[in-house]
C-alpha cells in the first residue's frame, strides 16, 4: 500500500512563546514558518492574522507556554481558533511546555484542576491533536480526548551524559515524586540511583535526607523542571555535605522563574544540562549551562510515527 | 404560588479584577464576599482555593476582565472551574467588562473570533449563566449558549446628565458605529444628536467631519468605552473648532490604556463621566472624572429579574 | 509540495431553494448537480433521497433560505443529515441567504436569538463548514463553531455601477445601521456618501432626514437587503424632495416580501440592481431590475481559497 | 421527607400549534397560560416575546407539530430558545404530536433520519425534558438523550369504546406494522383481534387480505394516526366485503391531510374516535367524529409522576 | 475525477469476539490483520496494545458483541479508544452483532434504553463510523449521530434457500414483530407467507396460532436471531401439528444462549441456516447446521459504497 | 439564610456490586434502599427497572466496580441511564472502587487510557456527579468534567492502627510509586517510614531492596490496593529477612484476585486491615482479616460537605 498522507500539506506556525525553537523545526522539516502578525494592542488584547491560506492543510502551531504564561496560553488558544476558522484540514498544537501541569488534581478541598481546563480549552478552540514533552504527570494525557503525542526528552539528556563517560557516578532524584523516572534515567545510563527526600521522623522537624551513596562520586541530579531552584539548591548543599565530587544537574524544562538564575549561579555545579522546551533569554544563560535542542524530537513527531 | 427559589442560597466571590465593585455588591446584597485565596506563583500560574463549602449553592463570581487582561481572563476561568468542581448548584459569571469583545467577527481573512472563544471557554469551565454590561456588540450574547443577562448602564449615565439640566445641549457620537446607541441616549435625555465621522470624499485624504449642529451648545460626547483616548481627543479638537461650549464626555467602560490618562488630562473637558465596570486606580482619577457605580444594577440582576 | 486536496472529489447538490443558482454553479465548476429526490408529502413532511453514493466525497449543498422560509430551512437541515449519514467526507452548507439573521441579539427582554439557533442546528445536522453571503451582521460568523466563509457580493455591485461611469453621483445609505458598509461601497466607487436617518429632535415627531448633498446628483441607494420595501420607498421620496437626479437602488438580497414588488414598481427608480442570492420568480422581475449572479463568487470559494 | 419540588413554580405556554389544548391544560392545572407574542413577519421569520419573567421557573411549552408543520416545528424550537435564554429553571417541551416520526430509520440508502434530527434540535435549542404522546415507534424515545415521558392515549380510546358495550365485536389493525399495538388494544377491551395486510403471493398482484373473522361483527379499526385516509378507506371497503356490521374507527393523531376528510365522509363508518393531540378545524369536524381530550393525560404528567 | 480515497490506507483489526470472521475479511480484502495484544489481567481489566502505527490510517475494528457480552462490549470500546489515541485517520467499528439491541425503548416505566447508551459510548470512545448487520429495529441507526451502514444479510439466506428449489414451500414468521421482514423474505423467494402469533381471545389462555397454510408444505421458519430457542421450539411444534413437511429454520444471529443447542438438537428440523455474525463454537455446531459467511458482505462495505 | 437543599429528596439505590455496603449506608442515612429489579438475561444482557418514581429527586446509585468487573461497570452505566431517563433531579454515582484506574496514561505507545473512557461513559450515561474513594492516581479526578468527591479512607486505617499503640513501629511502602502516600500515612501515625523498591545497579539483576530500618520493629506495610498479592508476598519475605517483628498489612481496596487469598494465608502477617470498598465473600475472609467500613465516610459525603 502507498504512503498516502491524508491531511494535506504541512504548514508550520510559531507563536511568540517558541520562536527560536520553531525556526529550528522549520529548518529541519524544510517547511518555512508561515507568515503571521501577532499584535498585542494597547488594551492587552492579542490579535493574530495569517499571511496566506491554510485551507485543507495540515497545520502545526508551535507555542510553548513560556513567560508571560497567561498571555502565551491565550495566544496559543487564539492561534488555534484562527487556524480552525481559516479551514485548516487538521490543527495540531505543539506545546513543548504545557503550563498549569502541576494543577492536575484536587489534593485539597475546593481547588481547581486547571490542567484539565487547559486541555478542554485547547480542544474547544479547535485543535484536532496535540504534541507535548515530558508532562509533569503522564495522566494529563487523559485530560485530552483528542489524540496526542506526549513524548519524552530524557533519552536526549541521557545520551549527552553518557558521552561524558563518567567513571564513578550516581543519578540522584531531588524529589521523591520523581523517583521512578530517576530510576529509568539511571537505568539508561547504567548507573546506580539515590534519592533525596524530605523526611520527618517522630516529632522531629522536617529535614533533607539522602538515600544511597554519593561520597566521592560524580552526581547527576535529575528532575523534570527547575522552577525557582530552591529545592535544587537544598539538594546540592546536602550532596556537598555528603562529599559528592562533581555535580551535574539535568532537567527538561528550564522554567527558571524568580531568583532561579542567581541561585543556580551560586551553586557548585559542574554543568547544568537542559533543553530549549522553553526559551532561555541570553541574560539567563549561565556559563555552565548546556541547552540541548528538542527540535529534532518534535520534527520527528510532526513528520512521522513516534509511538 | 410561593416565591420558591430553586438554586440554593447565594454565595458571592470576587476575583482580583473587581475587588472594590464586588465589595459594593456584597454590601448591597447583604451577602458577605466568600473567603478565597488567589495565589500567583513565581511561575505565573494562578491558583485558587475557597475557604468554605459552596455545595448546592447559587454561586456568583464577579470578575471584570481588567488589566492585566489575560491574567484576569484566566483567573476568571479557573475560578469558575473551582466553583463547579466544588459542586456549586449554579455558577454565574458576573463580568462587568468582557475582554476581546471587539474581536467579534472575521472582517479580514484568516483572523480569529476571540469573543466567541472566550464565551466557549466560560461555558466549558462550568458557568451556567453570565451577567455582563454593555457589550461592544449585542450579538456577542449569541456567542453564549448558556442564558445570560447583558444589561446596559447607559440609563445610569443619562440620569446623571439629566440632573445637570443643561439648557442648550447636544449628544455627539464620536464614531459612526455608535450612532444608533447615541441616538437612543439622546432620546432618553430629550436632546438632539450629532455625529462625528471619518469621511473621505473622492481622492481627498480622510478627515473628521461633524454632522449636525454644536456651535454654542454644550456637548455630551458619548461612547461605550474609552481605550487609548485617541479618537476622543480628535473629536474634542473638532468640537472646539466648531465652537462647542462645555464638553462632557460619557462612556461606560474606562479601559484607559496606554497614554489615555495624560491625553484626557490635556483635553478641555468639563467633566468625564464613566462607571466602575473596570477598576480605576487612584493615579488615573483625574479631578474632572466622575465615576458612577454599576453595583446597584448588578446587584439587581443577581437578586431578581431584570429582563 | 503537491496540490494535495484532502477531502475527496466535489459533489454538488441543490435544495429546492436555489435550483437555478446551483445549476449555474454546477456549470461553472463543471461538476454535475447530484441527482436527488425531494418529496413533500401530504402531511408536509419533507423527504430526501440521493441517487448515488457520496462516500468519502466533498459534498456541497446549495440552499438559500428563500420562501417558503421555514420549509427551506428544514429542507437544508434534512439535506445535511442525509449527506452526513451517507458518509460524505465533508459536508459544506452553501447558504447564499441565511434566514433569521436579524434575530441576532436580545435587544428586548425575553426574546430568542434565532440566528444562533440556526447556526447550532446546521452544525448538529452534520455540516462541517458553511459558505454564506453578506450576513446582516458580521458577528453571526461567531455563532458558528465550524469554519466558514462569509463572503461579500458588494464588489460585484460596485463593479457593475462603476461601469456606468456616472459623472456626478453620491452613494446613499437608507439606514444608519448600514452607514459603515455604505461608506466602504462609496470608497470602492470613489464617490461621496450621504445618509438617511430617522431623526427625532426634542419632542418633535420622528422624521426622515438627509445628511449630505444629493441635489442634482445621481444617487446610488444601497442596502444589504430589501424586504417589504417600505424603508426604501420613504428614502426615495425624500431623495426626490431633495432634488436627486437619477436614483439607482443596489442591494444584495432580494427578499421582496409582501407588497415589495408593487411598491418598487411605483417608485421613480432608474434601475434596481440586486443579485440572485435568492430566486426571483418571473412575475417579480420588474423591467428596471438587473440581477447579477453570485455564482462565480460561490464557485470560487467552493474551488479555492478566498480569505 | 417533604414533597419538595426542585424546579421552581410551573409556568405554562402555548405555541400556535396547540392553543385550544393548552388552554384546557391550563384550566386543569389552574395555571394561567403565560402571555407571549408570536409574530410571523412579512419575510416569514417567526419572532417570540414573553410578557413576563420565567427566571428559575419550571417552564412548559405546549406545541403540537400541526399544520403548517415546518413553521410549527421552527416555532417550537424558537420558543424553547426563548425560554432558555430567559433563564427558566427547567424547560419541558410538551409535544402532543411529534412531526417526522415516520422518518426514523434508513430503510433505503442515502436517506435522512429526520426524527433524530428533530430530537437533536429540541435538545440544542435548550429543552431539558420532553413529553409526547404515542410516538410512531417507541424507539424514538432513544433519539433523545434528555429524559422524557412518551405516554399513550390508547387507554383513553379503550375506555370510550368499552362503555359502548359492543356485544360481538373485533379489533382490526389496518396495517401489519400496527399488529402488536392492536393486539394490546384488543386485550384491554377483552375482544378478539384481526389483521388486514397487503399480501403478495407468488407473482400475483398485491392485494388486501383479512386475517381473522369479522363477518357479522362490529369492527373497531385501530391505528396510531390517520393521514390521507387512503389505507383506512381500503380497509373499510374490505371489511364491508367481508360483511362486517358497524365499523368504528379509532386513532390517536388526526393528521387528516390532503383529501382525508372528504374520504372519511364517504366511508360507511358508524363513528370516528380520535383525540385532540392535533387541532381539528371546524370544517374538518364530521358529524360522526368524536374527539377525546388528551389534556387530562398531559396535565397529569406535567404535575406528577406517570411512569 | 480520480478515485481519490480520503482516509489513508485501510488497517484491519480483530477483537476477541470475532477472530475467525475478521480473518476471513482480512483474506478477502487482502489486508493483513493488524497485530495487537489483548490482555485480560487477573483483576479482569482488559488491556490492548497495537503492534504498529495506525497514524493517519483508515482503521477498522471488527468485534461482534458475542459472549462474554459485557467483556466484549468493553473490549470494543477500549479498542476504539486505543485506535483514536494512536491518531488513526478514521475509526470504523464493525459490529456484526450489536448487543443490547432489544433494550431500544421505554415500553415500561423506569427502564433504561441501553441500545442508545451503547451507541453513545461507541461515539464517545472515538468511532467515526459504524458498520453493523440486521439490527433488531432499524430505528437503532438513529441512536447514532455518526454515519454508519446497517446492512442486511437476509438476501444471503434467501439466495441459499432459493438454490434448494423447494417445490411447494411457505415462509413462516415465528413472531408477529417480525411479520414485515418475513414478508420481504418471502417476496425475495417468490413464496407465500404465514405467521405464528400468540393470540389471546376473550379470557382464554394465551395460545400459539397459525395464520396461513402450511399443511403438506415445506416451511422456512425465519427470524432475525435465535436466543434461547424457546419460541422457535413452540413454533416448530405447532407447524408439525399443522402437518408441515420439511421445516427449515433461517436466522441471521446465532446467539444460541442457555439451552438453545440441546433444544434445537431435539427439534425435527431439516436444516438450520444461519450466519457467522456471531462465532459458533464447535460443540454448538449441530450436524444439520449450515453457517453462511457474512464476510463478503462486510468486506464489500469496508471497501466500497453499499447504499 | 436557610439551609435550603436544591435537589429534591435523597433516593438511594444499590447495584449488585455493593449490596451490603449500600445497605449499611441506607441504615446510616435512614433512607431506605430503593426497590429495583436487576435482571441478567440468558443472553447476558443486563436489564434494570426501578419500583417507584425518582422524578425530581436527588438519586444516588452505589456500585463498586467489583468482580465480575465488566458486568458491574455496564450495570453501573445502565443504572445511571435508568435514573436519568426516569427524570431524577440529580444523579450521583457512588463508586467506592473505580475499575480500570491503573489504565490512566499512555506509558507505552498505542495503548488506551481506559480510566478516561470510563469517566466519559459515566458522564454520557447521565451522571451529574460522582463520589469515589482513594483513586489510584489523584489525576483521575481530572478525567471527569462533572464535579465529584474523591475522598480517602486512609485516616480510617490510621485511626484503627493508632489504637493498637504499637511501641516501636515503622510504616513501609511496598512500592516506590506509593512512597508519598505512605509518608503521609506515617505522619498521621507519628511513625518513621521506610521503602521497598526494586533496584537495579549496573548490570546486576533486579532485586528488592529495603530503604530504612525495620530490624526488631513492628511493620505496617501499606498500599492502596492488593490485587494478586505477589508484590505484597515479596515484600513480607524481605521484611522477615530484615528481622521485622510483627507485620501488619493495610490497604483500602481488597481486590484479591486470582490466588491472592491463598497467598495471603501463607504469609506471616499479624493482621490484614482493609475496607469494604469492595465486597469480600465469606470464603475470602481469612481469620486475621479486619474489614473497616467506609459506609460512614460515604454517608457523610452524601449528606453534607466534605471538602
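Going by the order they are written in, the chains are A, B, C, D, E and F; count residues from 1 in each one.
Here is the rule we use: a residue touches a chain if its C-beta (ideal position, glycine included) is under 8 Å from a C-beta of that chain, and two chains touch if they have at least 3 such contacts.
The shown structure was predicted, so the numbers you read here are calculated from the model rather than taken from an experiment.
Between chain C and chain E, the least number of touch steps comes to 1.
When the partners of chain D are compared with those of chain F, the chains appearing in both lists are B, E.
Fitting chain A to chain E on CA positions gives a rotation angle of 120°, reported to the nearest 5. At the far end from chain E, in terms of centres built from Cα atoms, lies B. Interface note: chain C and chain D, two copies of one sequence, contact each other through mostly matching residue numbers (shared numbers exceed half of all numbers used). Averaged C-alpha coordinates put the centre of chain C at 61 Å from the centre of chain F. Inter-chain spacing, taken between the CA centroids of chain D and chain E, is 33 Å. As a whole-number value, the distance joining the C-alpha centres of chain A and chain C reads 50 Å. Within chain A, residues 5-7, 53, 85-86, 106, 108-110, 113, 116, 120, 145 each touch two or more of the remaining chains. Each chain pair that touches appears in this list: A-B, A-C, A-E, A-F, B-C, B-D, B-F, C-D, C-E, D-E, D-F, E-F. Residues 41-54, 67-71, 73-74, 77-79, 81-82, 85-86, 99-100, 102-103, 106, 108-114, 116-117, 120-121, 124-125, 227-228, 255, 257-258 of chain D are the ones touching chain C in the complex. The part of chain C that touches chain A in the complex is made up of residues 1-2, 4-7, 129, 145, 147-149, 304-305, 307. Contact residues of chain C toward chain E in the complex are 5-10, 53, 55-56, 84-89, 126. Considering their complex, residues 104-110, 113, 115-116, 120, 137-143, 145, 150, 176-177, 179-180, 183, 187, 190-193, 195, 197, 199-203, 211, 306-307 of chain B touch chain C.
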